[in-house]
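Quick one: the structure is below, questions incoming.
Chain lettering (A, B, C and D) follows the sequence in which the chains are written, and residue indices restart at 1 in each chain.
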Amino acid sequence: GNSNAPGNDAAKEKPLVIAVPDSINLLEAGQEGSVIQYYIQQIVNEGLVAIGEDGKIHPALAESWEDENSTVWTFNLRKDAKFSDGSPVTIDDIIYSIERSADPEQSPSIAYFYPEGFTTEKVDESTLKITLPHAQSNFIWSISNNGGLFVTKKEWAENAEAIGSAKDLLLGSGPYKVAEFSPGSHVTLEASDTWWGGTPEVKQVRIDFISDNQTRLLAFKQGDVDFAFDIPISQIGDYQSVNGAKVQTYKDRSYVGLTFDLTVKPFDNEHVRKAVAYAIDSQGIIDSIKDGYPEKATAFTAPEQFATVLSADDAREKLNALTHYEYNMEKAKEEFALSGAAPFSTTIYYPDSNQDLGKASLVIADSLKEIGITVDVQEIPVEQWLNEMGSGTKGIDWMDYRPPTLDPAEIAIWFLDTTGQGTNPANWTDPSVQPYLQAVYEKSAEEGLDDLLKGIDIAQEQAIYAPIWWGEAAVAYNSSIEVDNFTSYTFLSQNWPKNFSFTK
Amino acid sequence: MESTTKDKKLKFSPAKKLELPPLRIILSVFFLLIIALWMAFPSLFAPDALSLDIHNAKLPAGSAGHLLGTDALGRDVLKLLIAGTDSAMIGPLCIAAGSLIIGLVLGSTAGWFGGFWDKIVSAYADLTLSMPSMLLAIVAAAIIGGGYWVSVLVMIILYSPFDIRLVRSAVMQQKSKPYIESTKMLNLGTVNILAKHIFPNIAMVVLVNFFLNIAYGLMSMSSLSFLGLGVGPKEADWGRQLSDGRELLSQNPAMSLSAGIIIIVTAVSINLIGSYLLERGGFDDN
Amino acid sequence: MTIKIEVSGLQVQISGNEILKGIDFKLEGSESVGIVGQSGSGKTMMMRSLIGLLPNQAKPSGDYRIDEQSFSLDAREKQWAKIRGSAIGMVMQDPFTALDPLKKCGKQILDGVPKQKKADFDIASALKEVGLPADAADRYPFELSGGQRQRIVIAASLATQPRLLIADEATTALDVITQKEILDLIDSIRSVRAMPLIVITHNIRLAKTRCDRILVMENGKIVEEGSALKVTEQPCSEAAKELIEADRFLQVKSFSDSYSGGDTLLRAVNLNKRFGSVTALTDVSIDVCAGECVGIVGQSGSGKTTLARCLVGLTKADSGSVKYFGGNRAQIVFQDPYASLNPAHTIRYILESALKASNRPLSELEELISLAEVPEELLDRKPAKLSGGQRQRVAIARALAPRPDLLICDESVSALDVVVQNQILNMLEKLRRDRCLAVLFITHDLSVLRMIAGRVYVMNEGHVVEHGTTRQIFESAKNSYTKTLIEAAAFGSAESAPGELVPFI
Amino acid sequence: MSKTRFIAKRLLECLVSLVVMSFVIFSLLYIAPGDPARSLVGAKKVTPELLSKIREQYHLDDPFLTQYTRWVHDAVSLEFGNSIKAGYPVIDYIAPHAAVTFQLVGLSLLLSIIIGVGLGVVSARRKGRLTDRIIDISSIIGTCSPSFALGLVLLYVFSYQFGIFPMYGIGEPGNLPDVLWHLILPAITLTVGVSALLIKITRSAMLKEVSSDYAVFMRARAIPTGKIVFSQLKNASAPVLTSTGLVLASLFGATVLIENVFSIPGLGVLLTTSVTFRDVPVVQFIALMLGGIICLTSAFVDILVYFFNPTIHRTPNNDKKAKGAS
């Protein structure tokens, strides 16, 4: 970007230039909640807790915390926290920020993290008590900066015209502050010298929004970009061929699979669902469309999502043991025959934001043709796709989701809960599942693990969801930088730039 | 034989008849013939173009049996290109024909009758022209949910004012010509005059414009495809192939390249023929 | 100041066609030379090759000497600049297009003045020389009449200080009265400046009255050359004879006897027509009787065409009435032969559709074409392959298809050359006699009227200023406008003419 | 027609276009499927109460006419509401994007006019010659190359291979030379497609002038060629000038297609995302702003041409007879 520009200030320290395949017009997670948005907000704002590179929960604005029956949460706040303008973070700022986050009008895209009817209480200047209307062991994520809390200064926010715009640059207490923001183009972050964790090593991070992958590749080859985030699988070879460049792939915890809507006939028929599930050549799809990179999924939550309670390998073992249906056309035909359903036709819609899903749909449609199901594949705008999720209009729908938090139960609750905590996009009710979910809410993550897996298993056994792959993301960086500690959780951590260093 | 002023045309027209059209026109016509054949018999030239073979995906150009390689789903790119001809061309043809029909009906009646009707039609044309048409097309196509025929419809609406204006002014020009006034003197009916006496004289301009509209329609449709507002993923289509192929640029550049080239060559051929006809028809200078 | 021009073996080729086929031409002293010839004979090409203004594709060759110095005929634009303007000036044919419409006239005159003389060039006196007031400098061309514009063109040509002036049909586009004024102006400038002049025209009478020497061209060659008197009195070439014949024929003809006093066929009373602020017709009343030929004459813009269009209903008059006492409506034949036929159809189609439209059997086609003297072999051609005269015959044939009692001819022969004009006029006369067809003939050419019209209406500024039999009008016009019109038409009047050619009155 | 009447009529036409356009877009967005409130909350779980709260905030549940009249009423007082997606005033939201697009379109309009008019003049003066043919064919190829593909090719050649131009982005905001420097390649991309239109218009307008009598008469008086060309250009300028609106419209349309390639945060990208999001206030504002600009520009040019042409507003002297008889 700027390297060719005349009049570039050479005296300034070279920024770490990260190119992302996204375009952000507003630095406000409450309004625009994309993955990149979170990565930026995470290092500018803080929550009460944060995640480390190990995937475990670490203290942030709260030094310590405890909960009573997962209902009453008490936080002891750190005293040395300061906003980047130098003013101290007060408990009032935090309460204000929580309320702002929970207000659907001000923060429509994160308000769902907070249960209806919770209360906050300022016990003293450094003790905060939050009381929930019912048990919720995963509430810790709601007040993390990976979930729904980005603490900002009350006085500033109330007077700001447009929080997160180029006019009112974000004000947070994190390791970085926003130095400059050009909507849709780039954002420049500068190390904050008021962060309680010390001033970060990397002084400047510039995040350039380059939506076009081809352009980004050229810019990377040119050396204009140090680090390319989320490069397409098909370009891995191109990036690798750049002199001195490295490509890292990592499990990004995303889940991709099909959802069957039980209110749409004939998907109320278990055998039809199983027939479809058997007909999905997951490995074939992964090999052809994704060059073999993602992992074939056996459940609708990825192993790495369990980081807080299990190692990825242990989690994988447990997930593989759950009921799932391997590609088998014979069985697919058998199931379809069992269902007694007549050959029928249906439509698979996929969001225009993810062309791979379109291709996968075509592969699935090709197999389904063999068992007598004619599938039409249609592309729709991603917003429409989101709108119509679980609306009872689509028998088969795609699900493509990367959880913002490391809550192992995040997807399960969303998929399976019928009491209002989830959306239940399959419109599926099975009274045997809810007790397990209830246990998950009440018990801690470790203790509730088996209940969680049992709940997932019931859903998968009935082929309500057909998992296809667990995502694999790739990043590339050139020889001018080095990245340490590269894990699935690197970018979830509170000060992720600290893993980067310039080689010279 | 009597000689008169301005006899120049008379003296030179016979020689022109025998001249062969220039090479570029011959090539263009030849190329468009191939395109027309592809369009008419896609299954003859590219049988099973849409059948998947995911185990042979992303083969580079020149692979055995796949001259232009395969796409991410293992479909043969050359076959896709051939099979894509009809969806690439039918839309533009419909756009050109649709806007032509609207243009002929509204333009000729407005030009002929004048008055209030002319005011309404002209107002419509001016209004549509003063809008940022490509943007509106995108807005409309995105809102109504994209899709091939929606795009075609939107394009027809956006192209029609050009045809309306063209036909209208051509008819107005013809209307006051003495030979048309003579037919009025003979009490011929309006439809008769329009169809038999005016139309033959504007047919050439209209035809040329029809040609150009096909070329521009091809561009517009592939632009919409590029934005994901054109045909579905299942069908073969040049515009879609061009944008889909971008992610395979390093594995199989032939996919995008062949689609891009064929779009350009087709549009250029149509354009060349159009401007050649225009020149020969002698309408170039006005 | 004097100039000597000599060109020999001048040939011009345009895309393989030989336009000029070896011309020798010399000019010396302050003589005035007339170049006459039928249209297309190469007059314009010849003159244009002298100042390098041939069409792009033209390839000239030959030996060209100016003031004894030889000059290449296909020189580059830069070299021609030495000759253009300063040596040879040119007056264009059409004053309506010869000036830049977006530039004030004064500026345009000044543009051509050589650089070193620009400072002390006096526009007012330049305008005065061509008989224009000084404020004309501040006007745009469209604010001037055709005659005034032609004066500006002349002034602009003179401003470059040429030593020879070429006037290529400089008056053809103007009406009779203005024609005379402009020719007189050129004459007077010539005698004041003692400057040689070349006049290009197809009107041999004009050449005779204005020039010392006449060249006759035909088909790219000079076929006759000699003093004005000799060429007109004792022409030896066919071309010259033909031109004189055509002209003489118009002059010696006695008055038409077409006034029959038959039943009234058409009566228009108190027609009024306005176009916005322009009044085209004011209380015009006119009668036409069966089988007679009535002429309407008047300057350009006097409302003749408007009247004709009102009579046939192509234009609606604001007030007044038009009544036909007879069967069919009148038919009209327009001026421009190139626009009178639909280029898309064959002649057969045009005539047959006219017959069909008027519910006549197609078998009448033969009769039609023999009446209008259209050769049968033309039937399957399209208009583009017909000459102007032939087209006008077809247009007349078409107009005759519905068997009208009255035929209106709006300057139907003005665009044709004299030879063809005569043929068509004869044909109309025959039709009138044989078929008792009434003819309303609109023209600004008085000699034509004299030949065929029994009665004449004179129009000026939308009024009928006078009417009567042709003899009355020509011999004892009462209205002063009519008088100037007649006078102007006789521009070869005895006083200024070297020869004794009888003016046509 | 008097001058003021002409101007008033032309401006009224603009106003009518804008009103019609706003109505069309408003109704299109109204009937379209999708729900911006739902889009705002994303794919997550959400209660109906929360949804209706958001809807209420943006009056999304009101009947169509109520919504539209509210919008018109506010728009008249220059109040264009809040973006649904960003939650703050539309004008502030759009401003940075609009600035980029205007700079881009302005730059490329300038280039198009220079190139289009220049080549148009040259090819008219060289009609039928090789130069004319080359210009003709290259402009045809230019119009027939999809701009998004062309952009990538230019980027590859000029920015990557030769390293002449920047690869992406808009440079340092506020630093105008830097911004323009970043916008040159995109502007050239736009120009390739659009200048062909101007070449065509200029060429055919100039052809009339090249063979005109007054030009021949000027040559006959040895007036320098430059001056003659200038006169011709002046006479040919009306159709060229009046096509500005059309040129602007195609430029604005084409920006959508290339903004992605060059990573330019312009109005096109914003518009497409806002359309899928059904961010009505933003879509309305962008469409009307662009429509207004195009409309006003062509009106302005028409008025300019009207005043520029002396035959229209100078009252000719009494001699109207000068019309041409032969």
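In this section, a contact is a pair of C-beta atoms (placed from the backbone, for glycine too) under 8 Å apart; a residue touches a chain by one contact, two chains touch by 3 or more.
No experiment lies behind these values; they were computed from the predicted model shown.
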| item | value |
| --- | --- |
| Innermost chain, where centres are averages of C-alpha coordinates | D |
| Chains most often in contact, by C-beta pairs | A-D |
| Length of the line joining the C-alpha centres of chain B and chain C, rounded to whole Å | 46 |
| Inter-chain centre distance, chain B versus chain D - centres from mean C-alpha coordinates, in Å | 23 |
| Inter-centroid spacing, chain C versus chain A (mean Cα positions, whole Å) | 88 |
| Mean-CA-position distance for chain D and chain A (Å) | 40 |
| Numbers and ranges of chain D residues touching at least 2 other chains | 33, 152, 276, 278 |
| Where chain A touches two or more other chains, by residue | 214, 381, 384 |
| Chain C, residues touching no fewer than two other chains | 415 |
| Those chain pairs that satisfy the touch definition | A-B, A-D, B-C, B-D, C-D |
| Partner chain A, residues of chain B touching it in the complex | 51-52, 54-55, 57-58, 72-74, 142, 145-146, 228, 232-234, 244, 246-251 |
| Complex interface listing, chain D residues touching chain C | 128, 212-214, 216-223, 225, 227, 231, 234-235, 309-311, 314, 316-317, 319-326 |
| Interfacial residue positions of chain A with respect to chain B in the complex | 213-214, 232, 234-235, 237-238, 281, 284-285, 287-289, 291, 352, 355, 358-359, 361-363, 365-366, 376-381, 384 |
| Complex contact set, residues of chain B against chain D | 24, 123, 126-127, 129-140, 142-145, 215-216, 219, 222-223, 226-227, 239, 242-243, 246, 256, 260, 263-264, 267-268, 271-272, 275, 284-286 |
| Parts of chain C lying in touch with chain D, wherever the complex brings them together | 51, 53, 56, 77, 80-82, 84-86, 89-90, 92-94, 96-103, 111-112, 139-140, 142-149, 153, 156-157, 159-160, 172-175, 278, 299-302, 411, 414-415, 444 |
